[in-house]
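Let me begin by presenting the structure, written as structure tokens, before commenting on it.
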Amino acid sequence: MKSRKLSRADVQEHLRTTRNWGRWGDDDEVGTPNLITPAKRLEAARLVQSGQVISLSRPWPTEPGPGNAHPAQHFMQRMDKPGGAGLAEDFIGAEFHGKTVTHIDALSHAWDSDGMWNGRSPDEEITFSGAKWGGVQAWRDGLVTRGVLLDVPRHRGQAYVAIDRPVHGWELEEIALAQGTPLTPGDGVVVYSGREAWDREHDAWAGLAERPGLDASCLWFLREHDCALIVWDMTDRMPNGYDLPFGNHAAIFAYGLALVDMALLEPLAEACRAAGRWEFMLVISPLPINGGTGSPVNPLAIL
Amino acid sequence: MKSRKLSRADVQEHLRTTRNWGRWGDDDEVGTPNLITPAKRLEAARLVQSGQVISLSRPWPTEPGPGNAHPAQHFMQRMDKPGGAGLAEDFIGAEFHGKTVTHIDALSHAWDSDGMWNGRSPDEEITFSGAKWGGVQAWRDGLVTRGVLLDVPRHRGQAYVAIDRPVHGWELEEIALAQGTPLTPGDGVVVYSGREAWDREHDAWAGLAERPGLDASCLWFLREHDCALIVWDMTDRMPNGYDLPFGNHAAIFAYGLALVDMALLEPLAEACRAAGRWEFMLVISPLPINGGTGSPVNPLAIL
Amino acid sequence: MKSRKLSRADVQEHLRTTRNWGRWGDDDEVGTPNLITPAKRLEAARLVQSGQVISLSRPWPTEPGPGNAHPAQHFMQRMDKPGGAGLAEDFIGAEFHGKTVTHIDALSHAWDSDGMWNGRSPDEEITFSGAKWGGVQAWRDGLVTRGVLLDVPRHRGQAYVAIDRPVHGWELEEIALAQGTPLTPGDGVVVYSGREAWDREHDAWAGLAERPGLDASCLWFLREHDCALIVWDMTDRMPNGYDLPFGNHAAIFAYGLALVDMALLEPLAEACRAAGRWEFMLVISPLPINGGTGSPVNPLAIL
Amino acid sequence: MKSRKLSRADVQEHLRTTRNWGRWGDDDEVGTPNLITPAKRLEAARLVQSGQVISLSRPWPTEPGPGNAHPAQHFMQRMDKPGGAGLAEDFIGAEFHGKTVTHIDALSHAWDSDGMWNGRSPDEEITFSGAKWGGVQAWRDGLVTRGVLLDVPRHRGQAYVAIDRPVHGWELEEIALAQGTPLTPGDGVVVYSGREAWDREHDAWAGLAERPGLDASCLWFLREHDCALIVWDMTDRMPNGYDLPFGNHAAIFAYGLALVDMALLEPLAEACRAAGRWEFMLVISPLPINGGTGSPVNPLAIL
């Protein structure tokens, strides 16, 4: 898309006219990951050159703090056996949607007044025993595809994305071209905004009511390139600027897009800069929670 | 190893004389996954031929039942936004060690009277706030390697491993050779014993006090081939037959072996039989829980 | 009531014709505990003679076992302070409805096709963030009243209630009279059926699909005497014998009755037998969980 | 005690010289609640005059906020039965020590360099499966005694205790005498400091690093009067002013005192002022968690 000033109505109209409802059948619960074909996975595997692997996950966040209103739980147990042997076990628990656990959003996670992904009704589908539609188990065989890092701070010559300069779709386009990594259907786009660098200089991004991030104009980019998924460290800018319930998170119900929130991308950005490469094999493996609205994940980039 | 009758003393002596303590330094918390070099990962990626991907994880087990004394938790939440938009979120929790959650054991999970991996003391290392030694975060960059399925039921011409005929190390050796997939250092060995077929004909394997599985003679196999990890559906036979605190789970503290318990392997076995191939790219991505004794995982086999 | 053979239609008609809907106003969420007036509490306090106090709660059931499909959670934490001081803390969690945690049922806990207490609709009132109607916080000031133990095993000269001889309403009537403790409005009736004695001779009561307990004819007794609450160790017999969704649990939505399930009554029965007294001050103090469907409680009998 | 300036050494010496270790035997895990005799409970019951009952518990705090770093959990479930009947159930969970859940501290909760209650060692007693010493189940039969409200704001003619004027032991003495309610052994002292009034005018007390409360001089008061327990809304002032690990919380391990933190006392204070009475029957009923370091409670004052 070209750079231009968007209105609330522009975004709403775009979502309605370009949404993928029915594209893979009315009963499809997979969404854009349908674009990850076996051939695409094979292409992804062929991208591995050095065998270096990098985690895109933040540590399990048990410490309360800004943006961590519901800390993840981790409790230890120890069981001794006769003769000095023994076992240590633990309990983990999390309300993983939030600002601190790296997690994937399932298609059941969000909706607007037109409904959930493929037009389903949340009143019908969201039940006390799990989502009957768009549960994360639809992606139980993982998301394995070509990953492309779009390094916004490097492109801007700045350490991080600032509040007054959100990331726009046309800038992602520029970066992809400048890096020599144009996107192809089924790709996993990884948008690095410099969250750790921000945190070193400011109050923690996770705790901010007003915070830097991506503008809803990125919806055009995600849709035009038929991205299968997005991984990002800063997510939507807040407020989103259009008085809409969702910014780019609207891609969940409009496109059926898989969305990995709260990733840790600085190590990947450093590795990509060092290698002078911006594409890699990306592997995301959600826990198969029937009716789940998402899952904690530890995405891996294999260079 | 050759087929022979083993005694308790044989197993104990083997563990003490062949253990990997100090092999990667006294301060190493990674263990056999050290054998997964960048070159090994590259080799694994080169194994991808069809791009088919298969989950090796059982569903998140929220239903109580045989072998599921502490069911995994899954609670839903729904938050409505003005104008008909909304969000669904959930809480998940699990004491994941057990018989029903597919999970990886960290090196902090088990020890005998000689100590934990690399000789550390559980009294020093197992604390209320997590394991100070051998926590699962040591594998935060994932385990990406060549996977080799050893299909015991196919080799035996039976549907599943029975109680009176445990799997021995020499049989794994035979199978690997018969399949044309000899093991090389750093491999992830995936031992299929037919758990689902067993469950269709008997009381659920998970709930049995006496149950079929692998004999401790497999320790020789794992050590001789320098396996980086094992994924299995049936785990150790019970009782282990040697009056030892652990059967093959002793590989955790003796070799530093990564061990994925309670995998779902029938779909992979079917795919391998259909493809006539027994090797693939294996990707396991634990949640980076600092001081964790393991993690739920959804291992992926990419063929 | 007189002893007679009841039919399904009898129970249904009784519930509809005698229910307390509207008795304390259409917006009342308190139910029969409205019958516990300040004067009633004063009367209860005057019953204290010896000052002996007895807990009616079973231990916090963290061990899985028959009838304990979702064990209560208890995890320890330890925090050391400089100079050798320190703190121990813990996490507790429970799906407390079930067969093992002593708990009170709030009026939001159960309904039939006519609706919840006072005719409200569960579709309107049961939300993801709690019950909007009949939450346990309606009883936040506790239930303090006269308690009367009805000792069925003593009356029968047997150790426990057996499967083929459920407790009927007319038998409770006989026992109350034989003990010299006729019931008065607002009383808390405590029905002892000998659960511990049963457990010593049979498979644990909690794990049984068919189990001894109270017949739905006790509904007449509870209603005629305007009981404010019932505390019992065996609850409804299973199956209830009338092919109804609920036996005496129907008192929750029909009468607005407070119901304390899974109490431990053997110690109280022994104390009452020793003292030759069957009435006492009863204090039940639910946690004020807004919108909760009940609460774990430790009821106290003060003799 | 007389009003005087205390030093760190004064407090330490007082704790060591007046502690109750051995007073009820070396194996006693009950502590000062031993002072609540049957006669004391009878005396408490005789205090009931109006039959008014008041909860001293704050609501179950599921909302994150200042001082609520680990919000209590409350998740709903709904199960429909054939024919329109159904059940609602819930899960509750809490790390209840903290600033928002009204809870009782067991004798296993705190220690200093001299050890736990009765001189036991935390290294021996605090285990992964619970405290072996001083678990809250020691109080399973509840704490039923005479309660005396000491209304500090009323005595001072101010709405709440301020940071620069902590509550001292000699002031509690004055208040008790001024109110005409001298303390007797086994009493439950209820110290009202006006927390809600503070919260209406300041940042929430729960979230403050420096906050008003009771000075360690109250230890003298608690010990001299042989109080069985204390219930308070503000707890120890912070910092405690003596560079000690604990202020009045030291009474846990020194005296074996039962301590109810984070109570809601404004309603009780209003009722006492209205009635012109400051004593009542106090009933506290902890959940019998074996090895627990405390329990959420809903204390009841019966006037």
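Letters A, B, C and D name the chains as they come in the text, with residue numbers starting at 1 for each one.
Operating definition for what follows: a contact is a pair of C-beta atoms (placed from the backbone, for glycine too) under 8 Å apart; a residue touches a chain by one contact, two chains touch by 3 or more.
Everything quoted here is computed from the prediction, not taken from an experiment.
Note on connectivity: the fewest chain-to-chain touch steps from subunit A to subunit C number 1.
Rounded to the nearest 5, the angle that brings the Cα atoms of subunit B onto subunit C is 180°.
A count of contacting C-beta pairs for B-D and for C-D identifies C-D as the more extensively joined pair. Same-residue interface: subunit A and subunit D share over half of the residue numbers found at their contact. Distance between subunit B and subunit D, defined via averaged C-alpha coordinates, is recorded as 48 Å. Chain centres here are Cα means. That of subunit C falls 28 Å from that of subunit D. Shared contact sites, meaning residues of subunit C that touch two or more other chains, fall at 73, 76-78, 91, 127-129.
Chain contact summary for the complex, subunit A toward subunit C: residues 73, 75-77, 91, 128.
Every residue of subunit B that touches subunit A in the complex is listed here, in rising order: 37-42, 45-46, 48-55, 57-60, 62, 73-74, 76-78, 81-97, 108-113, 122, 126-131, 137, 140-142, 144, 245-246, 281, 283, 285-300, 302.
Residues 64, 69-71, 76-78, 127-129 of subunit B touch subunit C in their complex.
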